[in-house]
Structure formats: structure tokens, C-alpha cells
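Next up: the structures, one after another.
You will see two complexes here that share chain A, one where it goes with chain B and one where it goes with chain C.
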Partner chain A sequence: MTTTSLRRGTAITLALSPVARYVLRRLLLGVAMLFVVSVVVFFFTQALPGDVARQVLGQTATDDQVARLREQLGLDRGVVAQYLDWIGGLVTFDLGTSLTSGTPVADLVGTRVANSATIVVLTAVILIPLAVALGVAAARSPGGVVDGVVSGSVLLILALPEFIIAILVVVLLATNVWRLFAPTSILDPAVPAWEQPDLLVLPVLALVIGSLPYFTESIRTTMTDELTSEHVTWARLCGVAERRILWRHALPNAVGPGLQVAGTTLIYLTGGIVAVENVFAFPGVGSALTAAVANRDIPVVQAIAMLLATVALVVYLVADVLGILLTPRLRTALT
Partner chain B sequence: MSAVATQLVRRPSVVAGTLMTAATLFVAFAGPALAGSPDEFVGAPFQGPGGDAPLGTDVMGRSVLARLLAGGRDFLLQGILAAALGVGAGVLLGVALASASRRVADLVLSLNDTVIVLPQIVIALLVLTRLGATPLTLVLVVGIVHVPQSARVVRAATQRVVTQDYYDSARTLGASRRRLFTGEVLPNIAGVVLLELSIRLAISVVVLASLSYLGFGSTDTQWGRMIHENQGGLTIQPWAVLAPVICTGVFLIGVNLLRGGTVRALAVR
Partner chain C sequence: MRAPHPRRARRRASAARAALAAALTLVLAAACGGGSDSTGPTGQESSSGTAAAEGGTLRVGVPSLSTSDSLDPAAATTTGGYVIARQLFDTLVEYGTGGQVAMRLAESMEPDPADASSWTVVLRDAVWHDGTPVTADDVVATVQRWFSEQLPPASSLPFIDPARVTVVDEKTVHFQLGYPTMTFPDALTSPTTAIVPASFDPATPIGSGPFKLGAMEPGTRVTFTANDDYFVEDEPYVDTLEVISFPDSTSEANALIGGQIDVASAIDPTLIPIVESGGDGFDVFEYATTGTLTWQMNVEQEPFDDPRVRQALRLAVDRDQIVEQVYAGHASVGNDVFGPTDPAYDDTLAQREQDLDKARALLAEAGYPDGVDVELTAAPIQPTATRQNEVLVQQAAEAGFRITFNEVDSATYYGDAYGTYPLSLSFWGFLSIFDQAAFTIVDNAPYNATHWQDDEYNALYQQAVRTVDDAERTELVHQMQAIEYDRGAYVVAVFLNSITAHSTTVTGFEAYPNSDGPVGYNFSSLRFDG
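Right after this comes the complex of A and B.
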């Protein structure tokens, strides 16, 4: 009995390819990590000791108002029951109701998610090819012009907070030096964000400038490692053309680490939008988060934090899996 | 030692970094004593430089220079404290993890990785939702957010030490755990810890400046908040924004140059 079920178990695992098994394991790990994040988010926003309702409404609120909010949040029940209620809602896409506006959180955040996604995707589309081209160019001629510019920008730009980069972009292109674009990006809510491209230029530019140095530097490091590796030196000694070495021998192995860096950069962008959206008064998830924190609008804060964590985990998962599928060395290591 | 000093002085990035860091620290820490009252109204809003206000006036008609001199100390002090707190706790946790059983270390490290999924600024905002922004909560929040990353770095450095022969021989000679920590581990991870401290100082200042800009700083006069308050007058009176931007930027670039130059100078040696 036990042996047959054991054998059946092995048969099922064997039926899955190694890659599928890896994806499955990473997926389960991602769900577990999301669970841990949800506990942390819930603890800090709701389970922390103290009178939540009083803190949200302030000292001027009447006892009646406080009692009503306490009932709305279900604060009289145990912490575990509150958590289960909240997480149950999240799983069924019921994000709760905003405390300040009384509208469902999903309605409030919906268009803002689309707006933020628009600038993040635009940034990634510009950033990834640019960083790869610059990083490869810097790695191919160490000590050259591109190499020097990359090193310099790492020292200067990487040190600055995103909001200062965004302010400098405003000074340069929207107010004091040239007035090419509007200094704020207040979108027309009736029109989708991508149909107002002139208002997207500066936020995207600030995000690209902020994340380019780290990305380029990482690509340069990876490519330098590859270009000085034994198999590339060997190919060079065999007289393989430099162009072919780059495309056939060095780049394929750099794809995996490159995707990891792209993933990290995307996570960095989810933090970057918080500051950059506020500089431009851009109606996105980041400005919604700071507004909700200022108003102690707990359901909105919780929903946005979980959204950002989910995006980050999906990005890491996709980057890891693609990295393995596209890197010959890593793919064969799985079997 | 003097050989190291010569190596350092010869590097332009070290010299420039030291000067930039020292200049901002001087402005920030001597400033409150030199400044007039940061809350006094000296003229109409958004006046250009001149008269009572060498850097012009801000959105409320207060002197930008007085506010600039008053607005750096608490903010940089919070950054320094947060970095020290985060790295200090990171050292304790990292060394503990290096000597913990593999299973415990794996568990704590995977919890570490989970927290890192959220950007630091988002974690800080999350915690401030309920606790509110006071100097104490800001230092605690920004400091604690460093712990997972610092612990990981210190653990790796400690593991390199505990696999060395000198550590083994000290242990075989019967040195106590405390003696092993202070006598063998600590001196050998000091470089890594100092490097980590400078990285965390820069990140603390970035996070605190961002929080202050976003309206979650602790006191009313701070560089980050000045930038936010005066952003609307950028076309009329750019100095009200540029002065705090330059001070914050010079400090951060200075720390970065100093660190980069020192690491390279020591690597050459």
C-alpha cells in the first residue's frame, strides 16, 4: 500500500519536466513570501497596539464616530479574526472601503494602477535597451569614454534621491532653464494616461535617469566577467571574430544575471514612483500611497502595499524563470 | 598606516568627498548657532536674493538662508543615528546567524529576503501610518529597515573569518565566545562594517530626505520639506528650492565619492 502510493508520487514528479518543477517550487515560495508580507503589512497598519480608530480620526472625533469606525474595521474582534477577514477579502479581490472617501478601494486605486503601470512600462522599455547598450559598450573598451561616463554617473546620480533628480529635471526642462514641458503632470482622468504623452515625458525621464546608472553598472560588471572568462579567451585564441565572440559566447551567458538586474531595477522603480509621482503631482499608486498614509486611510495603505509586494514577487519569479530558460548553463544544471 | 594615508590623500575623489562631506556637516551642525530665526518673516514671499535675506525669501516670506542653516542638523543627526542603529543591530544578527545552525540561519535569511521585496520607502511609510512621524519613530523605522541587508553582509564576512585557521586555533586554545567575538571576529570584519555604515548613512539620508519631502519629516524646518514647500515658486525664486537641493546633494555625493575612493585606494594597496 505504502510502496504503491510512494511509487505513484514519484511517477507524478517525474512526469513534470525539471523546468516545470522549478517553476512550481518558485510559485509556491512566492505565495509563502506573499503570506509573510501580508502578516507584516497587517501587523504595522492594524494589529499594532493602540486605539486604531482614535488614531485615524484624531482627538477631535466624537465617541460615536470612533465607535462606528471600530465597527467598520471590525476592531472589536480578535486580531486573528481581523486578519483572516482582511486576507479573505484580498484573495477574492475585495479590497475594502476607503476610510476618507467611503468609496471601494478597488475603484479608487484602479485608474491609478493603470497610470503608474504606464510610466513604469515606458521607463522599462527605454531603460533596458539603453542600459544594455551602454553596459556592453563600457565593458568592451575599459577606460574608454563610455566607461568613464558610466563610472562618473554611478558616483553622482546613484547618490541622489529620486525626488531630487525629478526636481532637477523640472528646473532644467520645465521652469528655469528651458520650458519645454509642464512642471506638473496632472492627468485628465477622463482620458487614458497613454493618450497624454506630453505629461508622461518628465516623470519617465526622471525614473530613467534615476535607475540607469545601477542597471548599466551591473551589465558592465557582468559583461566584463564574461569577456575575460576562460571560454571567451579560448575562442579569441582560436581566432573567432570579436563580433561573434560578443554575440555567441559572451551575451548568452550574461542574459541570466542581466534579467536579475532588470528585476531588481523594476522593484527599485516601484519605490521610485512614490517620490517621482509626488514631485509631478502625477495621479498614480505612489501619490495615492502617500496621501493614504497622511490621512491614515488604512485599507488603502494595506491594498497598495500588498499590490507592490505582489508585483515585486511576480517580477522576481519571471526574471528567475526566464533567466534559467534562456541561459544554457543554468538550464542544463537543473536536470 | 602612513602609507594608507598617502594613498588616500593622492586620490582626488577622496579629497573632494571629504571636503564636500565636511562642508555640509559644518553648515548643518554650526548652522543653527549662526542662523537668525528660521521662522521670522523678513519680507514678501518668493523675493530674490538681497537685503535681509541673502538667498531670498520662501513661500511664507521667511529667509531661505536662515532656514537652510537651521534645517540640516536634526535631519543629518537622524540619518547618522539610523545608520548606526541599523548596522549595529545588523552586526549582532549577522554574527549570530553565522554561528547559528544552518536551518535557523536559512529561515531567518529567507524572512530577510521577503521583507526586502518592498522598497525601503514603502516599508517606512507603512510603519509611519500608525506610529506617526516623530524623531524617534523616524530613526527607529529607517534604522530597522537596514537590519536585513546589513545582517546579510555581516554574516557573509563573519563566515569568512570563522573558516580561517587563526579563528580555529583561538577556539582550540579555549577562548570564550565573547573573547572570540571581540578578539577575532570584530577586528576582521571592521572594514566591512565601516563600508556598510557609509552605505547605510547615505541610504538613511536619502530615505529621511524623501520622507521629509513627502511631508513625513519630524520637525518643521528641514531641507526636504523646504524643497516641497517652495516647489510652486520655482520659476520666481529658484534659490528657495535649489539651496536645500544643493546641500542634500553635496552631502550625499561627498559620502559616495569618499567611500568609492577609499575602497579603491585600499584595493590598490
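Right after this comes the complex of A and C.
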């Protein structure tokens, strides 16, 4: 770091606390990263083979008509001009217009974003406490029942692709063995997703099952490290009770890494639910992305890709900031 | 063990327990929701119950709706667009339950008895959804609209001259054609040629069809309400029709078994056992169609520029094995010509069987004694397409074709490279023999990915379409099909079955073997029955 930037840094210090300064820096970094992502997304989607005009007009279209539609859609202009148009729209929160349906992208994906957010949040609400409880329990008694089940199921479930879990859940709980729940999530578009909870059970269950082992295993590893660390051993030697060691000495130090794992899991849930959405016919953002790619509805693909990138950046930022605030060692390192 | 701050520790522990409990309650609440209300959020069980023979809400699954589904029939290019067109609008004629042309909005459609250079259409008594009558003016306006530059090309209608379509009286329209043709009715069966009012606005689509548009959620669900003034007596039987999109037919079959839909349309043959495992409450409605996944051999490139190589590939294919392995028996063998329900179809041609010795001999004769490398390009345009291609690769290898299967997605397949692939697979059928030829074979057929041209065939076609006498025309068509059979460029190995799984409470299914889509998307005859 040069002296100039150090000085500038000191100037800001006057107004901002170290944590606020850190958040600000991360935010600026995040925006810069989004710009990079936007360039990658834009030029990558432009490079997809196939043509939306041909998709819209069908295989019976003549070259003349394809050319005319491309002109109407503005696809005949230079790539850079198209990019500038698009990015200009993005910063004013204008996601553009779907090429296939002619409706604003925001209208098209709005409900789907809400639907996906609903099952991701529901999954997180169930997953996080469950994983922490199981991970801590496993770490406290290595070689015990919980530890054994966790280690075993991690291998088993990591070996199963997400959609297989989803199919097993359907076969077991909705169609062939028991018919307890609705096998598909054909949400009524007129009603918010959270008012149709019976249609959310199975996708949430499949997502919880799919992400629980990894999450639990990470918590267990972190906790085991903490419980076998020097300061914990020292505390034990001093006669501090196990329970106090767990809650006062080990857990607080595990919060930072735990948040990182939670963040990773959340991002994975947000972006990686396409397979689960397909099995349950869930009208979410993942299936919208798949359909948009198939139709070459580029503005929709771009909007969803940017949304997922933004969510990922925000989640990591929040996880990092919370981790710093909750971990004394990291908090003090900032000043 | 004795904790120094037992109260504090317990409070934290109980907080964790509370969180767990909350999570479990959420799951249980959701579970109870599903258990007590097994009909799903829309709660239609009462209307679809056994008590009501008429009315109710019929929930039909389709794979799949898309955001590009059009409310304008003339712009329909997707499954959803066709589904919508069939409910809201009527075509003048349709391919009926026998697969042959039947009247729909037209009461009659007659050619000039001499040479079919003009046709006269008389409309039946029908009204638009707003109550005004369907008139000859509307038909003329619709025809002129087809030729608008804003819409996909009316390439199936080269013989119609929009300037010479005239009103005779309120119910009668006269078409003076650009050239005489007997294909006139065939071309007017497509849902894209549905008749719309002269004042048509796609934003608020008004038609004469069995259903009116309710709510449209693009790519997810379309709801229709019954048109009580529909001209077919008693139809539609249900009050409301919901068409619900599924990403594939597996989830569709699951939703059927779970009671979330009443009809799972267009399901994959491999799902029939799954539906049957669902118990007595479900049934399968199945019929043979003219739809076919056909291989296209490009005659502008080696090796298929040589007719012997084309015949060799046709002889390498074991059609019965494809029917068994790919379709589990739910398909029928093809004979390298199209249109099995067409009255002029030649069913006296010997069924082509696999003959590996002859195939190898033909390849050797054509200069490939050690076999030949071929690239097959195809997209998963139907659920069975990939499996059918994989089986071809195996079968043809035995005759000396070393096929590399290059699978691409549908948008790539139909992109700029379409028509340049040496060997490819497309979905065709649901057309008359003449229309199939006009689309994919004769003269400058716009979608002829084989580029096969045959002067004798073209001359026969031009003569046949102008021949009004049925027997004479049939004889000419037989000659056309014999040429295709001997030296054509399509491998028509199988015709697909239409398979619809449904709750046993739903009846009224009818076969439409030459119409695209399950039961030709004619959902107005479906009803709930005790």
C-alpha cells in the first residue's frame, strides 16, 4: 500500500469505524466484481450457438423473416452497443424485455425469484439449526452414535446426485410407497408460494437432505478442531467444565468458519436447485434459467445470471462481516 | 459434570431445542397441510368428484409450456401455442378421429369439379366469444392476415392468392387459387390457420373455439373457461380447463398419481408402468399416430449422395427392435414413406426389413467395402429421440456404418447449420402425403434437410395435386411413394403412439391419429364421469 492511499485511509478513519470501512471496501469490491461478471455473462451468452429469432419464428421461418425479427429485437447491432445498452439498463434496475414473450424480464422472473427464495429460506431455517446441533453433538463424542451416522451419511449422500434424492423422496413420500405429500410443486401463480406450504414440503426436504451432511460434517470438523485446540486443552487442565468449554470457549471460535459454510450452502441452494426444480416441476428461477437458455431468451438468461451472482456476493459479504463481528480475533485484527 | 452457570447453559441449550422444535413444527405443519388437503391448493376435488358428470375443472398436464407461447394462432410455433389455438379458435377443417379431413368451422369445402383451381367454403352457424356471428368477411380478413409480414410465413399455402379470396355471401367464401390443387383442405387443418375475427387483437384473443381465455401465466399455466355458445352440442363438458406445464413427462405422471392433475398428456412410453403402479384409479389412452422421428440423409454430401448407400442404411435398421427397445412396443414400424392415415397411402409396398448382408453388399458396391464414417447430428426434440439415435448407431454398425452421434440442443440443431448435417433426425408427420411432400420433399420444399430432388417424383406430384378424381389421384400418389421407397432420402423407421395417462374419472378421449399433440389437443370432449 502506498503512502497516498494510507493517508486517504486515515482520512476515512476519522468518519468510519474499522468494521464500516471494511464493509465499504468489500461493497466496492463487490460492485467491481459484478461488472466483471456482467462482461463475462454478456459475452458468454452472446456466444451461444443458435438464434432466438429462429426459436421464436419456428423452424418454418425464412431467412428474410429471421433477419427482420433480429432487426426488431435490436440483435443486428454491434455487440458492444448491445452490451452498453444492457449494462445501462441494469444500473437503473431495468432488466430489459424478454425476446420470446415481449414482456419485461422483471415481470417474467419476479414470481419465480420469490418462489425460489421461499424454498431457499425455508431450507436454511431448517438446515442451519439442525446441522449445528448434529455437528456439535458429533464433535462432543467422537466415535459416538451421532458421529457415526454423520460420517456414514456424508459419504452416502455426497455420492447421490441431487435429482436422485429428489426422485427417492417422491417415490417414498408421494407416489409409490406412501402418498403423504403432493409429488409436484405446481404452485398456483395467483397465490404466494408460502401460502401453499403443502407444495413446498418435498423440495425443501430434498434440499435439506442433500445439503445437511456436508454442512454437519463441516461444523463437526470445526468443532473438533476447537475442542482439541491448545486453549481448550488448557481450559480443561484448569478444571473448566466441559459444558462451559463448549459454549464459552469452543463455539464462539467456530462461528466464523461456520458462517462461511452456511454462506456457501446458501449460495449452493440458490444456484444449484435446478435439478430439484425439474423433478418437482417447481416454477423457480433455476427452471426459468434452463428454459431461457433453451429458447435463447438472452435477456432472461443474463438477468438471472446477474441476480445469482449478486446474491452470492451479498451472502459472502454478510457471512464475512458477521464472522468478523462475532470473532474477537478477527475483529481486533481490523484496527 | 457440574456446570458453573447451569441456568445460562440450559437457556442456550433450550434455545437450540426451540429452534429445532420450530423447524420440526414447520415440517409437520406442512405435512398436515398436505395430508388434510390432498386436493392441492386449488381444492378442485369437489368439482372433479364422482358426483358431477358435467362441469368441474379439468386439470391437464403438458410437457411443456414456454414463455414464447403465442395467443395469436398464426404466430404459434410451440406446444403451448398449439394448445391455446385449439381451445380458443377453430380451423375450417381438421384431421378428424380417423385421421382424415373433417369439417370444423366449415360446413362444406368443395373444389371446382374440373381441376380444383378454385374452392368454395360454406361456414356453419357459429358465433365469436363476444356473441357476434362468424362471417365470410372474417374468413377473408384472416386469410389476408396470414400473409402479413409480421407473422411467420404462410409457407404451407403457396397456392392461396390473398387478393382473390372473395365473399360470396354472409356464410360463403370463394378461393380462386394461384394454381389448382387438391391439397387445399389439408393445408387448412393446421392450428396456425385458425379463423379469427376481422377485428382480431392478440392481446385479447377472441375466437369461436370451445373455450375462452381465462388467465395466462406464460410458461407455467393457462386457464380457460367454457364457451357456452360453442357450436358442438354439449361441448365443452367442463366449466374450466387448466393447462399446467411440466418440465418433462415424469413429473407429469407423478402429479397424476398424486392427484394434482386429471390428465397427463403426451407421456413417454417408459412411464406407462409407473402410471399402472399407481393403482386402479388411473388409465392410459393410447393410439397410433402418423408422427415420426425420421432420419434425414443429406444427398449433397458423401456418402448419401449415392442412392445405394441410402438404401443400405434403410436396410441396416431393425425397425421391430427399435419399436421394442426404444418404445417398449408403443410404436409401429414405418416403411420409409410418410402419411399412413392418408387415403392415398400405399400399403401394398413390401414392409422393409433389416437385411445386413444386402446392406453391406450395397455399401461395397458404392465403394465402401470397409464401411463408412458418418456423423449424425440430432437434438432431444422428443423424449425418445436420443435413445432412437443410440439404437441406430448400434444397428448400423453391423452393416458397416461407423456413426458418430453428435447431440446438440434444439436451438443449436435448428440454427444456421440446419440442412448441412450429413445425417440428422427430425420430427415430422401429422400431415397429408401432399403436405409432407410440400414441406420436406418436392421441388423447393423449404425444410428439405435431405436436399433430395427427383424430376420424375416432382412431375408426378404436380400432376397428382391437380387430379380431382380420387382413384386416379391415388394411383399417382402410389407411384410417388414407390419412388421414395426405392431411392428417397428419409429413413421412416417408426410411427409414434400418442400416450395419455388419466384418472379413470375422466372420459371422452378420442384418437386423432393425424393431429399434432395428444388427442389433437381436443380437450372439449373430455368430461368427468361417475
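We take it that the second predicted complex is superposed on the first by the 302 of 335 C-alpha atoms of A that agree within 3 Å, B and C clash if a C-alpha of one lies under 4 Å from a C-alpha of the other, contacts with A are read in each partner's own complex, and residues count from 1 in each chain.
Throughout what follows, a residue touches a chain if its C-beta (ideal position, glycine included) is under 8 Å from a C-beta of that chain, and two chains touch if they have at least 3 such contacts.
Model, not experiment: these values are computed from the prediction.
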Following the superposition defined at the top, how do chain B and chain C come out on chain A, clash or fit? clash
So, does A:L308 touch the first partner chain B, the second partner chain C, both, or neither? first
Partner contacting more residues of chain A (chain B vs chain C): C
First, second, both or neither for A:T175, with chain B first and chain C second: both
Now for A:R54: first (chain B), second (chain C), both, or neither, which partner does it touch? second
Using the superposition on chain A described above, determine whether A:E162 touches chain B (first), chain C (second), both, or neither. first
Quick one: classify A:P183 as touching chain B (first), chain C (second), both or neither. both
Residues on chain A lying within both footprints (that of chain B and that of chain C): 48, 50, 55, 170, 175-176, 183, 278-279, 290, 292, 294, 296
Applying the document's contact rule, which stretches of chain A touch chain C when the two form their complex? 48-51, 54-62, 65, 68, 98, 100-101, 103, 108, 111, 122, 125-126, 129-130, 132-133, 170, 174-176, 179-184, 186-191, 195-201, 204-205, 240-244, 247, 277-281, 283, 287-288, 290-292, 294-297, 300
Can you list the residues on chain B that touch chain A in the complex? 13, 110-111, 113-115, 117-122, 125-132, 202, 206, 209-210, 213-216, 224, 227, 231, 234-235, 238, 241-242, 245, 248-249, 252-253, 255-257, 260
So in the complex, the part of chain A that touches chain B is made up of which residues? 33, 36-37, 40-41, 44-45, 48, 50, 52, 55, 155-156, 158-164, 167-168, 170-171, 175-176, 183, 267-268, 270-272, 274-275, 278-279, 289-290, 292-294, 296, 298, 301, 305, 308-309, 312-313, 316
Touching chain A in the complex: which residues of chain C? 1-5, 8-9, 12, 16, 19-20, 22-23, 26-27, 29-31, 33-35, 37-38, 40-42, 64, 66-69, 77-78, 149, 152-153, 155-156, 215, 217-221, 244-248, 250-252, 254-255, 257-258, 260-261, 274, 277-278, 408-416, 418, 446-447
